[in-house]
Structures are given as structure tokens and as C-alpha cells.
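All chains are identified by letter, namely A, B, C and D, in their written order; residue positions are counted from 1 within each chain.
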Amino acid sequence: MLVRYFTEASTYAHNIDDLFLLIAVLVGFWLIVAESVLFWLIFTFRRKDGRASQHITGEEKRHTRWITIPHFLVILCDIAIVIPAIMVWYNIKQNMPPADHTVRVYAQQWAWSFQQAGPDGLMGTPDDILTVGDLHVVVNTTYHFDLMSRDVVHSFAVPSFRLKQDALPGRTISGWFRPNRVGTYDIQCTQICGIGHALMAGHVIVETPQAHAAWLKRESSLSAAHAAAALPARSPESSAMAEVRR
Amino acid sequence: MSTASKPISNTRSASGIPSARLITWWVIASEILIFGGLIASYVMHRIGHPEWRAAAEHTNTYAGAFNTFVLLTSSLFAVLAFKAADSQNGPRAAKLLRLTSLGGFLFLIIKGFEWTHDIHEGFVLSSGGFWSYYYTVAGLHGLHVLAGAIIMLFVAADAAKNQELQRVECVGLYWHFVDIIWIFLFPLLYIAK
Amino acid sequence: MTTESHVHHPNYVKVWAALVVLLILSVLGSMSSIRAAVLIAAFGVALVKAYLVARNFMHVGVEKKWIPYLLVVCLAFVAILFAGVAPDVMNHSGLHWENNAAKHAVESGTQSAPPKHE
Amino acid sequence: MNTQVLHAEPGFFRKYCWSTDHKVIAMQYMFTGLIMALIGGYLAYVFRMQLGFPNQSVPGFGIVTPGRYNAVVTMHGSIMIFWVAMPLLIAAFGNFLIPLMIGCDDMAFPRINRLSYQIFLLSIVVLIASFFVKGGAFGGAWTAYPPLSASGAYNLTPEGATMWLLAVALEFVAFLLGGINFTVTTMNGRAPGMKMFDIPIVVWMIVLASIIFMASVGPLIAGAIMLLFDQTMATGFYDPTRGGDPLLWQHLFWFFGHPEVYVVLLPAMGIVAEIITVFARKKLFGYKTILYTAWSTGVLSFVVWAHHQFVAGIDPRMANIFTVTTLLISIPIAEMVFLYIATLYGGSIRLHTPMLWALAFIAEFMIGGVTGIFLGASGTDIYLHDTYFVIAHFHYTFVPIAIIAMFAGLTFWYPKMFGRMLNETLGKIHFWGTVISFNVIFIPLFMTGVAGDQRRVYSYAQFAEQMRPALQHLRTISTVALLVMLAFQVVFVINFFWSMRHGKRAEDNPWLSNTLEWTVSSPPPHGNFAELPTVYRGPYEYGLPGRALDYWPQDAPN
């Protein structure tokens, strides 16, 4: 159902979409039943001359069962929702499949920057690739991300991946995604972060391995010169940056 | 002043507890949550940050202990004032309430000296996590002491004329509550090091 | 207004004397070098003192039953708040997250023992 | 001493500005709340215009810059919740109804009541003044997450942020005083014979709401003090580099923020209960069950708060607990709605304007309720969090609460408040215009939400996927519907003031209702009851077989 509104481009996107559909069916059923009963009662029991209202306390068993039966059905529906909801949550937020690559994501007012291992495949070495705004990833590859913020609370959201995670200053929060569709997708900041909130866009570019290798080659020759002066890796230093801003 | 000029709503007591005492209990209940939220925040930070101990070493346990003694004693006067009011002895209740109030001001004076000393040592509100909580929690408590001590003087003025004696008990309840908060703040700020 | 007394007045001076003795106990306890003893003395005594004040000065025992319940419920809400917040704030790491700033503060704070003056 | 002398006619100032009469204070709260609703509506107009017709000068405002957009959105949220929903539903109706409905002459503490309104008014002065300080009004969202809210370097509205915080804190104090007063009045001031289960539901609900408010706001008051120090005294309570934690504020805020939803919901439910029983001529279905569901909702509301923070950086394992509790709370609320619907069965329904509003409340609130399930289920919340789906969801709860139920109550008790009847035709035009346009505003927003529109963004120009033309059409539809809805409010304003002078004179009991407020003259005199009533039965004895009248007032001996 959600895919009609937004492309699915990660492996767990359809889990969320299926859960959305399940909830939509269950609550939709209840909504339709309840609204129908409401309107049926309004039309059936409109005021008519010669017909007085009935005196029903709603405390006798033959009346209360009209409430208790739906009450238990609602509990059943809740259980039917809560179990898959937790399963989807577990799958996305708690269980991390082994990573092929790791990427560090830095949020700051008002840009995204990314740090990936360079050709040597190791993070934290001088040949790391640093990009601002654009995140290049390989299709059908599992990525872990370490999310950090340099100033205020931001939220790293890639709607086509169905991915969203707030970035908190002082913390590193990890998660994962596995893109499964080549293309360019928006990165949003979904937590208000100051006047530039609407400008805090980025792109995640999902590429074939060949295209990615070409990009990597181009980028590593470019960035070798800048590597030393580039972004700090860990948050204590970046918090120091926040101090300077004050 | 007669009860007739009060609204009937004030004199009714369908719950079995007079309105004045009832509202005092509700105020205390809401204060539990204000102080509770603040103290809970402090405690979880304090446990998470063992390095705050170094800062906590600088608090003066004896000043805190003496202040506890002052508050406990003022609480005694407050409850004795209630006993006097209970036996319709307004002037005696007023005298005891003024002593209670005096205890409150003494508490604040000691606190003032203590804080002056802390500040001279270089510890101010923004000197770090412990000090921020130290001044905020104790300051909020101090404001309650100040408010109570002032209200008590007004109640005492009425009580001296044998008027509104039921208020003696209510202001006393509030005072004991402020006392209990301090009973917990004392170990939290001065002993746990 | 209240002519008939609703409480029985215990000997308040005795209660006060007990409170002062307890206060002295907790100060003495604080001199102990065993940290656990200090904390137990301090908070155990505080609980007893609070009970004595609530019981004898505030007369919660004589008040309608639901008043102490109300106060306990308020305390329970504080406990719920603590239970819900502590896993994130008191701990400095958890499942897939790490509070680097807090860890850094703990490390540098415990290493450099003398507090810095501003 | 200086307690007021009852039943004497005071001068204008003492009567309208310095009064301790609960009815006057109710009117003060009501008119203040309605004026604030106009301001809140104007702000909604400003940002909806920017979203519907991007980057054009908004008539009556000008160009909406990003900074102004943030401020406008923040103020809309804060005003509508703290200065519209709460004063109207709790303070205005609570003040007006509680003493009248429990058969008593005033609040237990009239001067505390007056103080409550004065502090409330002061909070508004501070809030409105914050629009005009350097940097403008606070622009960090009504949730005010630090570090954004804690530092002027981040939010660029340093003075506005502090004033916003002060205003909110003052408002809390005002409602603490008012709420405690309501509680004590209801517990102590009831007429002889009125037992616990003879109290009208609306009074119960306002008192429960006051208690929930009192129990939830404490930690946030503490948190607000800490944030204030962070802003002004350079402390680091929420600063991660100095031993603080930004998550602490989020927890303290939502520990209050979620119960707050029920603080405004319950009075709305109460108002609707009164109206459907009167206009369906039916006893409330399961009076006690409704109370039990309300109590359990109140208690459960304290253990669900972190569902606002699923993706906010809390430990993911905690989210599972909060998902379960969140879905749990749907049970009593669903049951309460079922009971309301069941009340209609076997009735003799008259569709006067108040009844239309009350029924619309039930119908619309259900949509708001079921869409909450999508957000309470942690799995789907990952995608929907902070999108327009959230906005549409909570407006489908808050608009029924603060607008629809408020109009229900206002049209129902208008004859008692002002002694005149409202015009039915104008009332129905206003009703249909408001309710239909309300749906047209927010159904498109559900769609833009699932299509990925994130919140609090003044322009989607940077986001190619949100620049799909279909989405812009939906945003424009929503904006146009808002204009229609605002235009229909003119009908209400005309009806309100015209009827006050020229409406049909209201009898004491125009709707043939049972509760005690209808036994006094319209409007009630100072001191309410000439002779204080005695209560013989519960408030909902309608359609009792074997009686000449189909209603049986609470104070009628037989």
C-alpha cells in the first residue's frame, strides 16, 4: 500500500509496508463498523412522534455484552498488531545483520557529511572518502551506519529506505540498511534543527558495483590532498566545535 | 470576619476533610512530582557520573547537618503551634509559628553563608554538572522555605487574634513536607560523596 | 472552625529528640570510610526520619486512607519516570548506541582528580 | 477581613476584571481562549499559505522566511494546546460548570481561582511580547528539544526562547492552581445527596484531567527550570559536552506531553456525554464503565510517553515496552467510544446544533484514534514519525477535542451563559462548513504524510521526491480548505454576538435536561442558587417508563 506513495529501495522497506497494510486492514475494519453503527443508530433512532426513548442503564448483562464482545475483539486485534510491529522493529532496529561496509554519518546545521573507507577498506585511515551531501552506496550490500551530530538534534531519514533515526549530539547511534534498487534518493532531516532545517537535504546514490568502483577511484584521487584537514572523526572533538560556536 | 461571608463551597466538606487541609494535600502531591522529577534527574546523572564525587567533596557536611537540625526544630515548633491551635490557644500558636518562621529564615541565612563560601571557592551554578544540580535543587527548596516562612507570618498574625486557626495546621503540613524534602536532600547533596 | 480535634497529639518533643539522634547517626555514619555503610546510613536514616515526620507531625495515619495512597501514587509516578528514563540517561551505552560525550566526561573527570576552578 | 461580600452587586471593575465569581472567571478564560484561537488560526493560515502557494507573499503577513516559518509553526502548536485547548476545555467549562453542576455557590477557593486566571493572563502577555523581541518568537518547535532550544547560537531566537519557556511555565502554574481548586471543589462542595456516582460525567472528566495534569506536569516544571538555566545561566543540564543529556528533556517533556493529550481529551468526552444524553433522551450507557475506562486511561497515560521517541535515540529495546503499553491504552479509549455509541441505541434523537457537534466529535475522533495505531506500532512509526501523517493524526484528535467538542459545549451551554438562544440556522451552516472543510484539510495531509512529507519544513524545494506535482496539489487543497474553514468561523462570530443581544430569550431549562445548572435562571445570578439544592438521583434519568415527563431532574424530590 505504501509503495504506491513512495518507492521501496531497501530490503526492509516492504516489511514496514506490509505492517502498514495489516494495520490499515484491521483498524479500517473497526473504523467502518463503528462509523456504520454510529450513523445507523442516528438514522434509526431519530425523534418520532409517539415514540419515547427507552430506559437502558447499560449495566445488565444482555446489554453489556454488546460492549464486552467488541472489547475482547479489540484486544485480539491489538495483539495481532503488536506482535508483527515488534517483529518489524526488531528486524530493523535491534537485529543488525553483519555489515559489508560501514559508513559514518555526521549531521550538523545544516548539512550531512559522510565518511567511508577508501580503497584500503579500513575506516579511520588517511584515504577515507569524505563527502558532503551525497552518500554513494553499492546496491545489494549491507551497510552499517554510525550516526553522530555536531550540534543539535537532527534526524537521518531516507524515506525510500523507510529509514529514520535521530542523531543526538554526544552520542553515536548505529543502524543498518541494505539498498536493493539502483537510483538516487532523498535524505531528509526530519527533526527541526534551526532556520536551515528545510535546506538540510542530501542524496543517497545507490550504484552498481562497477559504477561505485569508478566513483571511488575518482574520489580517492581527489580527496587524498584534503584528507588531513578533513572532518574530525569522533565526537569529543566535534563537541569542541560546538563550544566554539557559542 | 465571619464564616458567613465565605462561599458555602468553602465550608462544605463532602469528602470528610476540610477544604483547606484537602487543598494542602493536593499541593503537596503536586510538589512531590516537581521535586521528584528534579531529584530523579539528579540521581540518574549522579550514578552515571562517578567523577561528580570530586565536586561533591567540597560541600560542607556540617553546615548541611546544622541546617537539618534547624529545619527539624522548626518543624517541632510548627506541630506544637498546631497543638496550641487545636486547643483554641491562638496567641500561643502565633508565637510558635513565628519561631518556626524564624527557623526558616535562620536556615536561609546559613544557606547564604554556605553558598557565599562555595562561590568564593569558585563553584557557581555553571561550574559543572554537580554544582548545577546542587544549586538548582537546593535553590528550589530554599524558595519553598522562603515562601513558607513568609506565609507563616501572615497566618501567625491572624492566629494571634484567634482567627483562621485551621490555617495553622495547613501551613504546618506544608512546612513538614518541605522538611521531608530536605531530609532527603541532605544525604543526596552532603553525605553521598 | 475546627473545634473538636481530629488527631491525638503524641509527645512531639520526644519525636523531635529521636529525629535529632538520627541526624547525628547519619553524620557519624558519613565519617565511615566504607562507602556502602555511608550510603546505607544516610538513606536508611533519611527514610526513617521522613516516616517519623509524616507519621507524627503530618498525621498521615489519622488522615483519610486515600491521602497516604495519593502520596504513594505520586511517588510511584516518579519511580515510573525514573525507570523509563534511566536506561537512556543513567547508562552510557546500550543496544547500538553509545554516549561518547558522557564516557569522555567520566574518563577525564576521574583521571584529573583536582576539580577545576572557573 | 478582605474576603468578598457575597450577593452584593459590585462595580464594573470588580465585577468583570477583579471578580472571584466562577462564572465571570469562566467567561474571562473563554474569551481569552477564543481570542488565542483566532491568533492560532491566523498562524495556521500563514504557514499553510506558504505550503500551499510557496514563496509568495502571504496577504496580511508578507514573505514567510525560514526563520519566521519556524516561529509561526512553534507558536501555532504552543498556542493551540496551552492557550486554547486547555483554557477553553478545562478552565472555561470547568469554572462555569463545576459549581453549577454540583449545586454550590462558587469554587472552594475563589481567590485562588482569580489568581489562576491572572497568572494565565500574564503568561499570554509574555508569550505575545515574545513576538516582538529581537530575533522574534521562539522557533524551535513546541517540543523545544535542546540543544536547539537551549542555545541562542543554534535557534537564533535567544530572547524568544526564554520568553516562550517562561510563558509556558506560568501557564503550568495557572493550571495547577486552577486544577487543584476544581478537584477540591468537586470533592468537598457537592450538594447534599450527591454521591460519587451522581456527579455528571463532565465534572468527573474535568477533575480527572486536572489530576492527570497535576501528576504529569511536575517533572516538566523541574525540566523547564533546568532549561531556563541552560539558556540564561550557562549551565549544562542538557549539554552533552558538560555532563548533561539532551534526551533527559525529551523524556521529561513527553512524560508530561502524552498525558496532556488525555488532559484535553477527557473534558471533551465529558461535554459530549452530557450532550448526547440530553438530545438522545437516553441514560448514559454504563455510567460506571465510562468512569472506569477514564480512570484506566488516566493511569495508562503515564506509561506510554516514549512512543513519541521511538526513533529519537532511546534504547531500541525500550521501544518494545512502550509499543505494548501504547496499544494497551487503545482498549479503554475504544471501549469509551463504544459506550457513547451504544448510548444512542433506543434514543429519541434530536439533531440540534449541539448534538450535531457532539456526534461529529465521535465520528471524527474515531479517525484520529485509529490512525494513532499506525504511530503507536513501533515498526510503522519508523517511517511515519515526523511526517505529515503524524500531523494529520493528531489534528484528527485535537480538532475534534478543542474545536468540535468546544463548539458542542459552547452551543449547548450558551443559553445558560448568556440567557439567549443561538440561531439554529446559522449554527448549522457553521457546523457543516467547519466539519466538512476540516476533513478536506487533513485527509490530504494523511496522503502527503505517507508520501514522505516531513514536518516543520517551509519549502520542499530541496527534496526532489517531495516535489512531485501530485503532492503539491494535495498541499494546495489542504490550504484552500483551511481558508474555507476560517471563513466559516465568521458565521459563528456573527451568530455569537448577534444572539447575545437579539437571540430568543432562553428559559431556565431549554433543552429539558436533568443536571443542576438548568434549575437556576439563565444566566445564573451571583451566588447561583437562591436556595441550595439537594440531590436525589444520578444525572441521566431520561425516558423512565411510567413518568409523565421523559426527564427527571436531579433535584426533584419525586
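Definition applied: a residue touches a chain if its C-beta (ideal position, glycine included) is under 8 Å from a C-beta of that chain, and two chains touch if they have at least 3 such contacts.
Treat the numbers as computed from the prediction; the structure is a model and nothing was measured.
For the remaining chains after leaving out chain B, touch-based grouping gives one piece. Contact with chain B and chain D alike is made by C.
The most central chain, judged by C-alpha centres against the centre of all protein C-alpha atoms, is D.
Interface comparison, B-C versus C-D: the pair with the greater number of contacting C-beta pairs is B-C. Work out the mean CA point of chain B and of chain C, and you get 15 Å between them. Work out the mean CA point of chain C and of chain D, and you get 36 Å between them.
In this assembly, the C-alpha centroid of chain A lies 48 Å from the C-alpha centroid of chain B. In whole angstrom, the spacing between the mean C-alpha positions of chain A and chain D is 30. In chain C, the positions touching at least two other chains are 74, 77-78, 81, 85, 89, 91, 95-97, 99, 101-102, 105. Each of residues 15, 17-18, 29-30, 32-33, 36-37, 40-41, 45, 49, 52, 126, 128-129 in chain B touches at least two other chains. Counting only residues that touch two or more partner chains, chain D has 215-216, 219, 240-243, 245, 247-248, 252, 255, 313, 316-317. Pairs of chains meeting the touch criterion: A-C, A-D, B-C, B-D, C-D. Note for the complex: chain D touches chain A at residues 65-67, 69-70, 139-141, 145-148, 151, 153-156, 240-241, 245-247, 280-289, 310-313, 316-317, 319-320, 323-324, 327-328, 330-331, 334-335, 337-339, 341-351, 359, 362-363, 366-367, 370-371, 373-374, 377-380, 382-383, 385-387, 447, 450-452, 454-466, 541-545, 550. Chain D contributes residues 215-216, 219, 240-243, 245, 247-248, 251-252, 255, 302-303, 305-306, 313-318 to its touches with chain C in the complex.
Contact residues on chain A toward chain D in their complex (touch as defined above): 2, 5-6, 15-16, 19-20, 23-24, 27-28, 30-31, 34-35, 37-39, 41-42, 45-48, 51-59, 63-64, 66-67, 70-71, 74-75, 78, 81-82, 84-90, 92-94, 109, 151-153, 155, 157, 159-160, 162-171, 173, 184-186, 188-201, 236, 239-240, 242-243, 245-246. Remark: chain A residues 93-94, 96, 169-175, 234-236, 239 touch chain C in the complex. Only residues 1, 3-6, 99, 104-110, 112, 176, 180-181, 183-185, 187-190, 194, 214-223, 225-226, 229, 233-237, 242-245, 248, 252, 255, 532 of chain D touch chain B when the two sit together in their complex.
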